[in-house]
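One structure is given below, represented as structure tokens, and several questions about it will come after.
When the chains are written out, they are named A, B, C and D in that same order, and each has its own residue count from 1.
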Amino acid sequence: MTDPAPIVEFRPTPNQYAFTFGGAEPVLTVTPGTVLRVWSDDAFCSAIGPDDSHLAGRLDPARVNPQTGPFHVEGAERGDTVAIHLVTLEPARDYGVSAIVPHFGGLTSTTDAPTLQDPLPDLVWIYHLDPARQSMTYRARHSDHAVRLPVEPMLGTLAVAPAAGEVRSSLVPDRFGGNLDTPFLRAGTTCYLGVNVPGALFSLGDGHYRQGDAEACGTAVEGPMITTLIVDLLKGRAPATPRLETDDLLISVGSGRPLEDAWRIAQHDLAHWLTELLGLHPLDAYQLLSQIVRAPIANVVDPNHTITVAVAKALIPPLQPYDDIHIRLRRAADRLAKQPHPSQIHPRTNPMTDTRSSRTRRSR
Amino acid sequence: MTDPAPIVEFRPTPNQYAFTFGGAEPVLTVTPGTVLRVWSDDAFCSAIGPDDSHLAGRLDPARVNPQTGPFHVEGAERGDTVAIHLVTLEPARDYGVSAIVPHFGGLTSTTDAPTLQDPLPDLVWIYHLDPARQSMTYRARHSDHAVRLPVEPMLGTLAVAPAAGEVRSSLVPDRFGGNLDTPFLRAGTTCYLGVNVPGALFSLGDGHYRQGDAEACGTAVEGPMITTLIVDLLKGRAPATPRLETDDLLISVGSGRPLEDAWRIAQHDLAHWLTELLGLHPLDAYQLLSQIVRAPIANVVDPNHTITVAVAKALIPPLQPYDDIHIRLRRAADRLAKQPHPSQIHPRTNPMTDTRSSRTRRSR
Amino acid sequence: MTDPAPIVEFRPTPNQYAFTFGGAEPVLTVTPGTVLRVWSDDAFCSAIGPDDSHLAGRLDPARVNPQTGPFHVEGAERGDTVAIHLVTLEPARDYGVSAIVPHFGGLTSTTDAPTLQDPLPDLVWIYHLDPARQSMTYRARHSDHAVRLPVEPMLGTLAVAPAAGEVRSSLVPDRFGGNLDTPFLRAGTTCYLGVNVPGALFSLGDGHYRQGDAEACGTAVEGPMITTLIVDLLKGRAPATPRLETDDLLISVGSGRPLEDAWRIAQHDLAHWLTELLGLHPLDAYQLLSQIVRAPIANVVDPNHTITVAVAKALIPPLQPYDDIHIRLRRAADRLAKQPHPSQIHPRTNPMTDTRSSRTRRSR
Amino acid sequence: MTDPAPIVEFRPTPNQYAFTFGGAEPVLTVTPGTVLRVWSDDAFCSAIGPDDSHLAGRLDPARVNPQTGPFHVEGAERGDTVAIHLVTLEPARDYGVSAIVPHFGGLTSTTDAPTLQDPLPDLVWIYHLDPARQSMTYRARHSDHAVRLPVEPMLGTLAVAPAAGEVRSSLVPDRFGGNLDTPFLRAGTTCYLGVNVPGALFSLGDGHYRQGDAEACGTAVEGPMITTLIVDLLKGRAPATPRLETDDLLISVGSGRPLEDAWRIAQHDLAHWLTELLGLHPLDAYQLLSQIVRAPIANVVDPNHTITVAVAKALIPPLQPYDDIHIRLRRAADRLAKQPHPSQIHPRTNPMTDTRSSRTRRSR
């Protein structure tokens, strides 16, 4: 991946939305090194307008968390690793939506842990964006408090198709990535996912204009997103669970229930990642990480719960994760930043069409 | 609390160590506003020397996590709130100790979740401190890797006596504080604990020269600590779970099992704290916090697991937690900083005696 | 369903095995009321012979827990209920196999909750059956203890296709049934499953010659099984989670993690089932069940954990679950028992072919 | 213990009630072999009358789950085992009380796992006993359903003082026994508890006239109980967790959170118990138990959750747990049954006084 690649743009029509990881036909085939600029709808399929105050009557429960994709990565085989570098994330609407969904969320009983109590009420909060200031405004529903918050875009979902022939709802985070809901999935991050099926079949969606750790109420500030990413492929070396890399951090992501098990998956993976990279004994890595990691909860509301365990590169000896592919992708992203491209918040005025470049071909 | 208080110093003799929260006679009575400068032993009762490589034969399992205290706060009654402001934490030894304790820790089966597998080996890591550089050195046991890490002192334990007549092991974190093992218990933090018994009976210990989130292997870089703190008292207003305040953050601390429940306790408390401070409806607080909190794991290895949920003051409207007592204590701490006092790493040469000032009296 | 139906026999060839719930083409279409007599392979695809002592080198990890089916039930639509009455379960081999699978089971760390400890060893136990005495013999691997145990056949799995387009590994128990691993799935039980896709697409497998509660080591006494069942259909009334009925018991089955949540799903469902059947207020049902249910763990080793909550019909007022379909199916089963049919333990000598009766047709 | 011992009777006055395990002075000292006949109050300290419909205004939250005891067992030292054989349990009132306690129970959020939902209502159900028929009557609160249920008396709590100087609320089940809430604690059962402090300091209470598995709503049919028991002492051999023995079963009891960990404690202990008794290798015991145990939930509502894992003696080779002490105590109980003693339901007419026999002496 040496030349700046042409940018492949893709925006799905609503009937192209995928609501599962696995189980959907690819919308495009891309070669490793392709720059993709894709639009993704929000978790509610844009059913909630800027004046809405409730989900009921608007939201189609069969159409939540639509995914853009899947994309077939040419040459990707089971056991390989796809590296997806997030170049930019641009909110594609001038408001975000959050909501309390009855029987869903962190401070309520749920369908997975039912009680006999009444559910919390169905309530919507609209966050209007001020693009000039890169901010949004929270407005209380029961009083006149307003709070200005920074826009900090991230993706709730980034996934490959699952292993063992499984097809999972787009609400699920797991080994294949998915609905991880971690704020670390932001511009500047490279995500490593182990390939389970030919072509990897990666997809993304669930744009969040911002989110706190744990996604407490079950929804972030949800909105359509234009994501520019570079996809690359490493032969073999599939991680057991998603790994993230930023300029400053190495991160392992664990999903499971309860959170202790999610944490074990992440901490165990990070210890083994350090072991591979530094030649440390696993018990020495266990010890070192015990003193230096950060471990924020990603989500405590999805079918699996997710924890990220992060170590600062500054605290450990120099290392070259995945042969420095993050550094190379970062440089490619920097070159991209110098290329002009239309950046528009309103997808209505953004004619993102289902184009094909010379480096991609339509999948069957 | 207006005048700089005289500093009351206290260092327990080994037979004054408390190994429980509750159940021990107070070692001193202090008035609200007292500045305490206390020495606490490390979690191993200093049984591990700088040349030791294993715990077996050294560690007395009946003497772990010794507490300095308890201190009786004059006038504290059930339902009141003690505010403990940590002014400085000074490592009181030139090395820290960490270890894998068989059947204890995060990436192993434990006595609370036993399996039929062999335990991990008993292994000690010694971290030598370089006071001039405020750093310490990690050395691998199975290779010759060495890593220099910053000293970032914190207290593993800070507690009042439990409610309902309970006495808990000093290994336990819970509503009364205790073995929270959160890096937020560092200099500059004010800790609010609800009083359960007359005099509150607070104690502290388990100094860590640094610790990663979750205290993965079960032990931090353990060492004796000299803690300077100011203790104050607010009538009533006992929080349901420990609360922390720094210049920048409001933090609720939840302990329980599994981590989901610990998180619920913390998130629920922080939502209600915001509700009280801002007059927000609880559902509006739930929504706002969902988008702005940070939620790092404190520990996943103790009898309860602990999570901290933190909100940046910069992201919310101005508020006055506990009538700005943190600001007042912070100022008093600043004044203290200008007072000369001996700061010595080696307790052997630090004649901290069981002194009494005019503002304290020996408890019966 | 009034006449004794002709018996439709089916035995899959190995390349007809399904390893997922959902995602497989139906092998047969059956009308409601059909009696099926089907052979299912064991959880190891018969890879373990009577003289084997280890799994390694024998077991293909991509071929575990094969399912017989799926069967398309004519007329079944989403929201309907399939009622599957287990008439007889006949062990189809003269030995059963159990094993410790490294990183799988209840008293070990697992891939879902990894530690740094060594795994338990790969070990196989062979249980030889004595058909005349309906018994089998446990033989210790490390001493010469032998214990004769009754044969008590049950099915580990019984499922319909999942909802929301999901496809799940045949190792998973959930709302659609699946790898429940409950000893209540034995002859005489009627299982009610909510239909998610046209035709329901039910399948079964994972025969156990016996199993303790919780399936502690991860495997029961596994063996091929000949299952005779009657499948029936109720329009609408899909339960939220699998329900079982025997002559004596009503049972709700909950699957999730941790076990508390599995229990909540089951207990909540049973309370609502009583509410529907008796016209009880849900809080009155909650109270009554609190004093009378039995709640054995089904499994604590699968991707979800499963609990059964059972109430004795003798302890509650007379009721007619699903319009007494269990009673009708039971009578039909009794009539079947009077019909002669070959009952052979050895499938080699049992020419079960992929036959079609006039009441079934080959699916496309 | 050869002679039928004199029966020592004890009924505490309300100010003698203990509300903790540990932390209370013994009420009596008894020698091993003593037969005790003791009265215990119900979990509500008899605050709920037969015409009450709500707890509020009646129940003192500081006085729940009162214990009768503790009793000092002469000669009991740390590491020893007390064997307590339950001879008879007699309901000591003509009605039992159950209730939904807001923020407590299994199908509700709780103070340990709070949500923002409204609590369930405070509601009381009264069960009137019909001693002649050994039955009680459930009456719905929201309709006119009535159900006659058998009286099946059991003790919710049986405990020794905890280890490590801890004092625990009488609501807690743990290694020391306590609020196990298992229906196996009924007449005919011998309970083995490891001694942590000199004299063992055992206590009992929380009589249930019947209870379903898991104690779903948080309360059983609560009532005062007259318990006749024989206490005995074995030197050494303290089990790691409570063990129960009946004529038919060996049972290990695990308490923890989540239920998976409670199960691990119980299953691990039972495997090791079999290992000791039969000379089986632990992995062989693990295998055998996997196929034969029953594992009902005891409680899912207390500060720890409890599971019992039981193996039928009929399924395993003959063994002599604790040197057949259960058989000897059973015989002694049979001899007792032939002795006349007053059996009265109404404690008002039962002059149980704080008597001392020649075999006991008043503790200091």
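In this text, a residue touches a chain if its C-beta (ideal position, glycine included) is under 8 Å from a C-beta of that chain, and two chains touch if they have at least 3 such contacts.
Here the structure is a predicted model, which is why all the values come from computation and not from measurement.
For the pairs B-C and C-D, the larger set of C-beta contacts lies at C-D. Ranking every chain by how far its Cα centroid lies from the centroid of chain A, the top place goes to D.
Centre to centre, using the average C-alpha position, chain C and chain D are separated by 36 Å. For the pair chain B and chain C, the distance between mean C-alpha positions equals 51 Å.
The multi-chain contact residues of chain C, meaning those touching 2 or more other chains, are 107, 114-116, 120, 258, 260, 264, 268, 271, 283, 286. Contact residues of chain A toward chain C in the complex are 19-20, 22-23, 62, 111-116, 164-169, 240, 256-258, 260-261, 264-265, 268, 271, 282-283, 286.
Interface of chain D with chain A (complex): residues 107-109, 114-120, 258. Those residues of chain A that touch chain B in the shared complex are 98, 100, 106-107, 120-121, 123, 125, 138, 140-143, 145, 147, 149, 210-221, 258-260, 263-264, 267-268, 271, 278-281, 283-284, 286-297, 300, 305, 307, 309, 315-317.
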